[in-house]
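Letters are used for the chains, namely A, B, C and D, taken in the order the chains are written, and counting of residues starts over at 1 for each.
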Amino acid sequence: MGFWQRVSQLDRRWIYLAVALAVIFPLLVPMKMKLGITPEARQLYEAIETLPDSSVVMLTFDYYPSTVAETRPMSIAALHQMFRKNLKVITMTTIPLGGPSMADRTMKLMGDLYHKTYGVDYVNLGYKANYTAVLLGMGSSIESIYPSDQYGTPLANLPLMQTVKNYDQISFIFIVADNGIVDNWISIVNAQFSTPMGAGVTAVMAPKFYSYVQAKQMTGLLGGMKGAAEYEMLVNKPAMALIGMDSQSLAHLLIIGFVIAGNVAYFATRKKKESKG
Amino acid sequence: MRLARPVGLLLLLVLLLIPELLAANGASSVETGWFRTYRINAIIVAAVFSAAVLYYTQRARRGDKLFVRKIAGLDEVEDAVGRATEMGKPVLFIAGIDEIDKIDTLAGLSILGRVALITARYETPLYVPVRYPMVLAAAQEVVQQSYLTEGRADSYNQDMVCYVAGEQFAFTATVNGYMMRERPAANIMMGAFYAESLLLAETGNAAGSIQIAGTAQPEQLPFFIAACDYTLMGEELFAASAYLSHEPLMLGGLKGQDFMKVLIIAAILVGTFMVTTHLGGDWMRSLFEVR
Amino acid sequence: MKTKLPIAIAFLSGLAMVAVFILNPEKVGDMEGELLQWTTVIGGFTLLLGVVSIVRVNWRPVVRRETGWFNNAALLLSVAVMAIPSVLPVSWSPLFGTDGGSMYDWFFINLSAPMMATMFAMLAFYVASAAFRAFRARSAEATLLLLTATVVMLWRVPVGEGLFVAIHSKLPNLINTYVMGGVNVAVQRGIIIGAALGAAATSLRIMLGIERTYMGKT
Amino acid sequence: MEILGLWLAGFFTLSLFSFLYKDNPFYGLAEHVFAGLSAGYEVGLVYHSVILQQLVDPISQHWVNAAAGDHPGFHIMKIGFLLFAGALGVLMFARFFPKASWISRYPLAFVMGNTAGIYLMSELHGRLIPQIAGTFVNLLNPLNLIIFFGVLTTLIYFYFSKEHTGVLGGSARVGIWFIMIAFGAHFGYTVMGRISLLIGQVQFILIDWLKLVKPG
């Protein structure tokens, strides 16, 4: 069997091994490839950066545990920016399982890092079923939807929630989501209460939402791990997403390499067959 | 022309409804009558469509020959089961991974009915893992009936159809394990599939099975096309049951769809012309507004 | 009784949903929600069928000590540790129920969630092997598939984007607009229009009892 | 407990990945545990979100209201509906008795008919009509030209009533070209997300679990 024939019938496990190496190698030996920042990411960053001190922002954890690679770095980078700027953060989730504990862990981690006090600097509302009613209801009164926070404390006992009654007191909503809930945030909250918002979504969803940015229904957008990496660069806190981008590039190039090799092998072996008649 | 009469009647109906439609367009959003008149456009479309389907079904009943072009992939179903019989290996059928209240699942189940007829005839082992209990009940009923029809009630075993796991990827993990261990000769995947499509199809490919897939989820089609031998795209999934049944009566729906397609293409041509030339484009769009 | 009545039920319940679609909810109330709730409740009861099925299929190998019975036993145990505490009242112990801190939550976060993520992540390998095998320029159609896939893959990473910008500064933008927003949208739309017709036709066949494989007639 | 959870997560992650090499006992175990947990998960979910929330709670709520004399007729009717739905659900259990299993066709037929009724209208109303209207575009723009021809030729590709020859065949062929370009683009686009997920799992193994790499 000739070389090209062997390439053409390569055992898929070699491909798996190559992909694994392409992903692991840059994690051990960072290559620090250059990364451009898209206007959409910069817009989102600027929108939060220009908020007055102590403004109240909302950050959502609308993602399932299975997509944390793309979404969690966005939440963390956003919190770096918000806490450093001394903004007050209210967080919530529309995901029943996994969502609340994701929000809980991330908020505690970042809150401790910036020495923030729960109830004064940030509040975690947690999860409530029936997202349409939740998004709509918070427009008139957050307390009617969430009588108490994630930990069962009545909102009346949380200092931050004394000044925040509904969307009117929230200056910006930063949505991080891996599902179609973004549509509802736009069509319900932005359309009816005109609260400014921006979103971080998975790479697969991103192209669909560019039109919202163009239509000015959304201020800025982050798409997938690349978007997360851009935001890490903007807040100057390189972390998981930026590390991951090297792996991302290498794996893509590898797959393209395989496709090219497969085609070269295909034509090389086909010619041989033809000449043999 | 046989078409003349029903089409004429339908056009008349549409003409009669136009004033109603115009009135509905101007009406306020709060409806006071018994009907949601603002949905008149959808009602007209549904009426025209149902009439077309009924008309063609009636023609089929009268014995008219209705032509339907070959659908690549569907002709392979029988061959694939035949191959499984020769090899003495099972046929794996997955009716998608969605609940029964998804129409794609119902389409998958009716294809399962046709496939089970063939496996019953050849006494080929059949395995149908399902993700939802309600689909389990329906699939068991479908398979049992097919075996009864072929007079092979004794070869039917309730556990041919079994509930595997409720979670998408747990279901996939189990089915993938089955594929590598039992190496079914044919994998037939028909219904609603999501991110697991490629996990299933690549594993089936590695196991050396012939794979025929069909789904109406446009995002998953590229993966099935890359990894399966034959793929039914979108509408073809819904046509499959009718096509496989070889029953003229079932083709009425297909013909009705094609009739609608001609109307839709005509509507697009007219609408695009009106928009491009600024001759009443907005009015045309407003006819298609939905609430 | 066995065939005719179910067909009549299917027709009437289908017709009810069509009526709900047309009728004004201000007048008839939330019939839609009511009927959908019935479906949900029926589905809830049916779960028992699923549990019985999975237990029966796995119980036999354990009793007969068939090869791999250990796995089947592990499965049964997993069902039990997740299901039983979840239906017991929280008032008995904070480990019961489904809230944070329950056994249900712990098993979900520590076992189910990482396994879900792992299965999802395995797609990366499968995408690579499928691309290697399927993307060969065998025909005009296959060539189009492989070329666009390669171009889009390149565009999505910084190196490739840089390359495209070097060719023409607007190239990445053009790909996004014309390929993703043009061809992709058009084809999705064509498929959706066809699929909507097919789905409606299937619905009609079921309502009219032409399609009734599931009730004793093929 | 947290350490135990981390190690179990790590163990099962590697076990599932091992399937890439070949089927093996570790994968077999992980697969069965995963399936079992997911079935158990479903039990908890359905018990709370369906049996309690949709059936038991509403019945008791209506009962309280009826007892309080607030429109008792309405509430009794609601209770009747809910009990009827529950009874339909119980009929599914006929499947446990082979002789009586045909009774389960009643609730099944109800659900299927319901689904069919919903889809008959919603597919036409919610998907077909808006998608047609979306294709009424101004052809003086190149992007719209692509959309216009793409939609038309894709539709023609799915036309079943004639052999694809002549003009129809030519259009159908252009349709399949459009389809292939779109599928290639979608495939290439999705790769990024899939690789990200793998990176996430690898980061979990190397950073969170084995602590071989320091983040940042």
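Definition applied: contacts are C-beta pairs under 8 Å (C-beta built on N, C-alpha and C of every residue); 3 or more make two chains touch, one makes a residue touch a chain.
Everything numeric here is computed off the predicted structure, so don't read it as measured data.
Farthest from subunit B in terms of Cα centroid separation is A. Among the pairs B-D and A-C, the greater number of C-beta contacts is found at B-D. The mean-CA centres of subunit B and subunit D are about 16 angstrom from one another, to the nearest whole unit.
Centroids built from CA atoms put subunit D at 22 Å from subunit A.
Note: centroid distance subunit A to subunit B, computed from Cα atoms, is 35 Å. Residue positions of subunit B with contacts to 2 or more other chains are 39, 42, 46, 49, 100-101, 103, 106, 134, 137-138, 141, 163-167, 169-170, 173, 221-223, 225-226, 233-236, 239, 254, 257, 261, 264.
Residue positions 18, 21, 39, 42-43, 46-51, 54, 108-109, 112, 114-117, 119-120, 122-125, 127, 129, 131, 133, 135, 145-146, 149-150, 153, 156-157, 180-181, 187-188, 191-195, 197, 199-200, 202-204, 206, 214-216 of subunit C each touch two or more of the other chains. Residue positions 12, 16, 19-20, 23, 66-68, 203, 207, 226, 248, 251-252, 255 of subunit A are each in touch with at least two other chains.
The part of subunit C that touches subunit D in the complex is made up of residues 2, 5-7, 9-18, 21, 34-52, 54, 58, 68, 70-72, 74-83, 86-87, 97-98, 104, 106-112, 114-115, 117-125, 127, 131, 140-142, 144-153, 155-157, 177-197, 199-200, 202-204, 206-207, 214-216. Contact residues on subunit A toward subunit C in their complex (touch as defined above): 10, 12, 15-16, 18-20, 23, 33-36, 64-68, 97-98, 100-101, 104, 203, 207, 210, 226, 245, 248-249, 251-256, 258-259, 261-263, 266-267. Interface residues of subunit B, counted against subunit C in their complex, comprise 30-36, 39, 42-43, 46, 49-50, 53, 57, 99-101, 103-104, 106-107, 109-110, 112-114, 117, 132-134, 136-138, 141-142, 145-146, 148-149, 159, 162-170, 172-173, 195-196, 198-199, 201-203, 205, 216, 218, 221-223, 225-227, 233-239, 241-242, 245, 249-250, 252-254, 256-257, 260-261, 264. Subunit B makes touch with subunit D in their complex at residues 39, 41-42, 45-46, 49, 67-69, 71, 100-103, 106, 134, 137-138, 140-141, 163-167, 169-171, 173-174, 176-177, 180-181, 219, 221-223, 225-226, 233-236, 239, 254-255, 257-258, 261, 264-265, 267-268, 271-272, 274-276, 281, 284-285, 288-290. By the touch criterion stated above, subunit D contacts subunit B in their complex at residues 16, 19, 22-23, 27-28, 30-32, 34-39, 41-42, 45, 92, 95, 101, 104-105, 108, 111-112, 114-116, 118-121, 123-126, 128-130, 132-133, 135-140, 148, 151-152, 155-156, 158-164, 179, 183-184, 186-187, 190.
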